[in-house]
Amino acid sequence: LYVDRIKEGDIVILMDDEGRKLRVRAEKVTKKVKGLGVANLGKLLEASFGDRVTVAAKEFTVLRPSIVDSIETMERRAQIIVPKDAAYILLHCDIGSGSLVVEAGSGSGALTTVLAWAVAPNGKVVSYDNREEHQAVARRNIERAGLSGLVEWKMGDLTEGIVETGVDAFVLDIGNPWDGVDTAAKALRKGGHLATFSPTANQVETTVKAMRERGFVGIQASELIHREMVVIDGGIRPSFDMRGHSGYICIARWLG
Amino acid sequence: LYVDRIKEGDIVILMDDEGRKLRVRAEKVTKKVKGLGVANLGKLLEASFGDRVTVAAKEFTVLRPSIVDSIETMERRAQIIVPKDAAYILLHCDIGSGSLVVEAGSGSGALTTVLAWAVAPNGKVVSYDNREEHQAVARRNIERAGLSGLVEWKMGDLTEGIVETGVDAFVLDIGNPWDGVDTAAKALRKGGHLATFSPTANQVETTVKAMRERGFVGIQASELIHREMVVIDGGIRPSFDMRGHSGYICIARWLG
Amino acid sequence: LYVDRIKEGDIVILMDDEGRKLRVRAEKVTKKVKGLGVANLGKLLEASFGDRVTVAAKEFTVLRPSIVDSIETMERRAQIIVPKDAAYILLHCDIGSGSLVVEAGSGSGALTTVLAWAVAPNGKVVSYDNREEHQAVARRNIERAGLSGLVEWKMGDLTEGIVETGVDAFVLDIGNPWDGVDTAAKALRKGGHLATFSPTANQVETTVKAMRERGFVGIQASELIHREMVVIDGGIRPSFDMRGHSGYICIARWLG
Amino acid sequence: LYVDRIKEGDIVILMDDEGRKLRVRAEKVTKKVKGLGVANLGKLLEASFGDRVTVAAKEFTVLRPSIVDSIETMERRAQIIVPKDAAYILLHCDIGSGSLVVEAGSGSGALTTVLAWAVAPNGKVVSYDNREEHQAVARRNIERAGLSGLVEWKMGDLTEGIVETGVDAFVLDIGNPWDGVDTAAKALRKGGHLATFSPTANQVETTVKAMRERGFVGIQASELIHREMVVIDGGIRPSFDMRGHSGYICIARWLG
């Protein structure tokens, strides 16, 4: 899986010794790189993953992007899903190698990236959005993450019904997830999972009611609060800096 | 992936209409089943996954176990890892299809189960423990989850060094994770990840210091607080019932 | 303030050496005491606060009830306010010695107890409720806490308007706090504070909107999550046991 | 209590219509006021509390400072205690009108301010610090809050023993609270309370052990996590902005 030599066009992570990350494309050019200034990236082509290289007079380790690297260095429109929430959805929806997953909307492709990574190498993610400019960003991000072969893009409003059936997991990251609950019920296989992600309590309430009404079981609405702990001189304590909220996750199961 | 017919020996989940789960083995016997009383399980062999069956005068849907089903219905010694924490470790350690993972200890096999599920179908989990009776429970649980082919069991104290190299991720769920940090550094490939899981703040402090000293980068100690939201007549609120703590997770990266 | 001798009729706390509390009335009787069995309480009359006494063959320290003792040993109907929330309301509403406070409803008198304690010795709490049986419990609890002189009880629906004016703080612990916002605005002095306490997010939303519409300023909706830390052999960690939620607090200020 | 006319020298809060606060001294001068530019403050002397006044071309309501106003507009050195934590300490230590309280250190006087406010009009706070420059700031803040008559300042290291006895509550907001536990035990009356406030988990661990060893009972270590809820178009959710941590509070009781 982990081939050594860096090839022309590879997306690589340059990590400095404090763990800070830059994402660049390995190519024979000298160009302006955000966070680096003007840099000659051609020398990356003489390196292997794991090597130390000096770019723009600074030392880095060159890494093949991990899934979290890909998300953290992604081109983004508005807010993207946080890894903790994406991870929770994956596990609770049983999304693994070989799964068939439908998601809406494509957003900036952050969740798409995680889903595609999880279903590799044989599964598939079908990603719906009704705004072309959003899906364009998502496509670019998926391409850079090297996951294009795992995603099928569809324009359109998923709440009006879709052609997919036998779906293992259905993920709704749209403003009105309740409107997608019926579509999900029709597309999911027996035992398949539905997940929604929404910032407000009201959205969760409406979604849970729609799930109940449509006959989903095992419905659970949750929030994951992420707290960093810092080790300072003399001890350990929670960080003073904290993101107060990302969103609520609803998980439900379809018994058909 | 999802073959329909239930075969002799299959582990299945019987889910009732409220989403409660029982795990049983499909076999031609009448026996006492925890939570059901005396039940004839032979009729499961005439069903397919997704079917409704009546067992011990109660109706169920028969499901192929999801990864969360497997963990929730697992035979356990002491506390096992909670899905939210396992999911966080998977994603932040970039553990996916094909990964080579080393873990210690085997515990009851809950984390092993999640790791094996994540690396399927081509990866491998090497699970170390120095207590035979623990690993015996873990082995049974992995066998029931149908993941035996993905796990290699080793008896011994991982803190004394191991033979594995080029490891993608190293997971320490032992009381003294700091003692495994050097072993992890030697076994990990460049760019590989180390995760530890510990209940006390003191363990985190010692672990983070050991990681710093050994040269790991991108060290982050975190806690995930899981909060359930309940939809009641008249509104939505956080649940009054809550698990106050599971443990802290430390993630670090090895640049070699 | 802290007179030594225990007098007939005094409510006292018997605290054992682990800090567990019993509330009894000091009187020359032998009676069944919850948590003690049959006990002769007459000997309390020969003791002073702070003394060690043996009651029902067990040793206790006799204490004058603190405000938290009073709440924790209170007769209760349904859920009562938690000290952390009561304390937050006191400080953020500037409720101190001499304040004039209006509250609704009386509930079991837990919040009334804290308010009366805070305005002592010269302030006043006016407590409204429209259910006689609730207010009867509240009155008994306030009497036992020795705070009767500080509370005026009123039967009636505060949302229909009240006679009080120049009120320093207004506290609504009712199911429909938004319906009391106009009454509060009319009763509060300039610079006075309004606090509400509600379990659901929907109640908070409606309340905040009503406050905004009526012209309150400095509106802040908050939740206080209380987490206990436990010191065990080998370290410190958050408690596994935790109450997930008590309620949300809204604070606002009236500029007239 | 709430006299109307503003007098020369009064500290007043100018609150704008969004609830933002400025603290100024009412005096016949034109001077630079932080947040206002050059302003003529003399016109405040013609107003009463609750009046609308125009200062530096902006409209304000003039308020007598609440306890939270005093803390929020305080001159500060380093971090000061957060109102939620101060309120929790007050209630759990039974600090009310008439209490005798000892605190160390004086810090910037934020906690001193809350304690003095709570014991008014007849109680007393004795505030120890061993750094003159800290206590000077605390004194100025207490003077501005109009609470000077309730506080006695002492220079010195409280951990070496103090002269006070019969103390109702003892509050330690110093880096090494465990070193004050013995002094507290000697000074407290039977049934009196000890509170400590510390940012790290290690400090809590050492403090709890010192309290246990010295014979305190009812020891409880806690953290209060404050979460703001925001009402936006379309719903309510926790705020994205959040302070991750202030500190841990330990409460214990002395039975003598």
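Order as written gives the chain letters A, B, C and D; numbering starts at 1 within each chain.
In the analysis below, a residue touches a chain if its C-beta (ideal position, glycine included) is under 8 Å from a C-beta of that chain, and two chains touch if they have at least 3 such contacts.
Computed from a prediction, not measured in an experiment: that's the story for all the values here.
Visitor: Select, from A-D and C-D, the pair of chains that is joined by more C-beta pairs in contact.
Guide: Most C-beta pairs in contact, of the two: C-D.
Visitor: As a quick test, compute the distance in whole Å between the mean CA positions of chain A and chain D.
Guide: Chain centres of chain A and chain D, defined by C-alpha means, are spaced 45 Å apart.
Visitor: In angstrom, rounded to a whole number, how far apart do the mean CA points of chain C and chain D lie?
Guide: Between these chains, centre-to-centre, one finds 22 Å.
Visitor: Hunt down the residues of chain D that sit against at least two other chains at once, touch-wise.
Guide: As it turns out, chain D has residues touching two or more other chains at 201-202, 205, 227-228, 235-236, 238.
Visitor: How would one label the connectivity among the chains shown: line, ring, star, complete, or other?
Guide: Shape = complete; every chain linked to every other.
Visitor: Which chain A residues qualify as touching chain D in the complex?
Guide: For this pair, the touching residues of chain A are 199-203, 227-228, 232, 234-245.
Visitor: Tell me, which parts of chain C touch chain D in their complex?
Guide: Within the complex, chain C contacts chain D at residues 1-2, 15, 17-19, 49-50, 61, 63-64, 66-68, 83-84, 86-88, 90-92, 94, 96-99, 114, 117-118, 120-121, 168, 189-191, 193, 201-202, 204-205, 208-209, 217-231, 235-236, 238, 248, 253, 255-256.
Visitor: Considering only the defined contacts, which chain A positions touch chain C in the complex?
Guide: 201-202, 205
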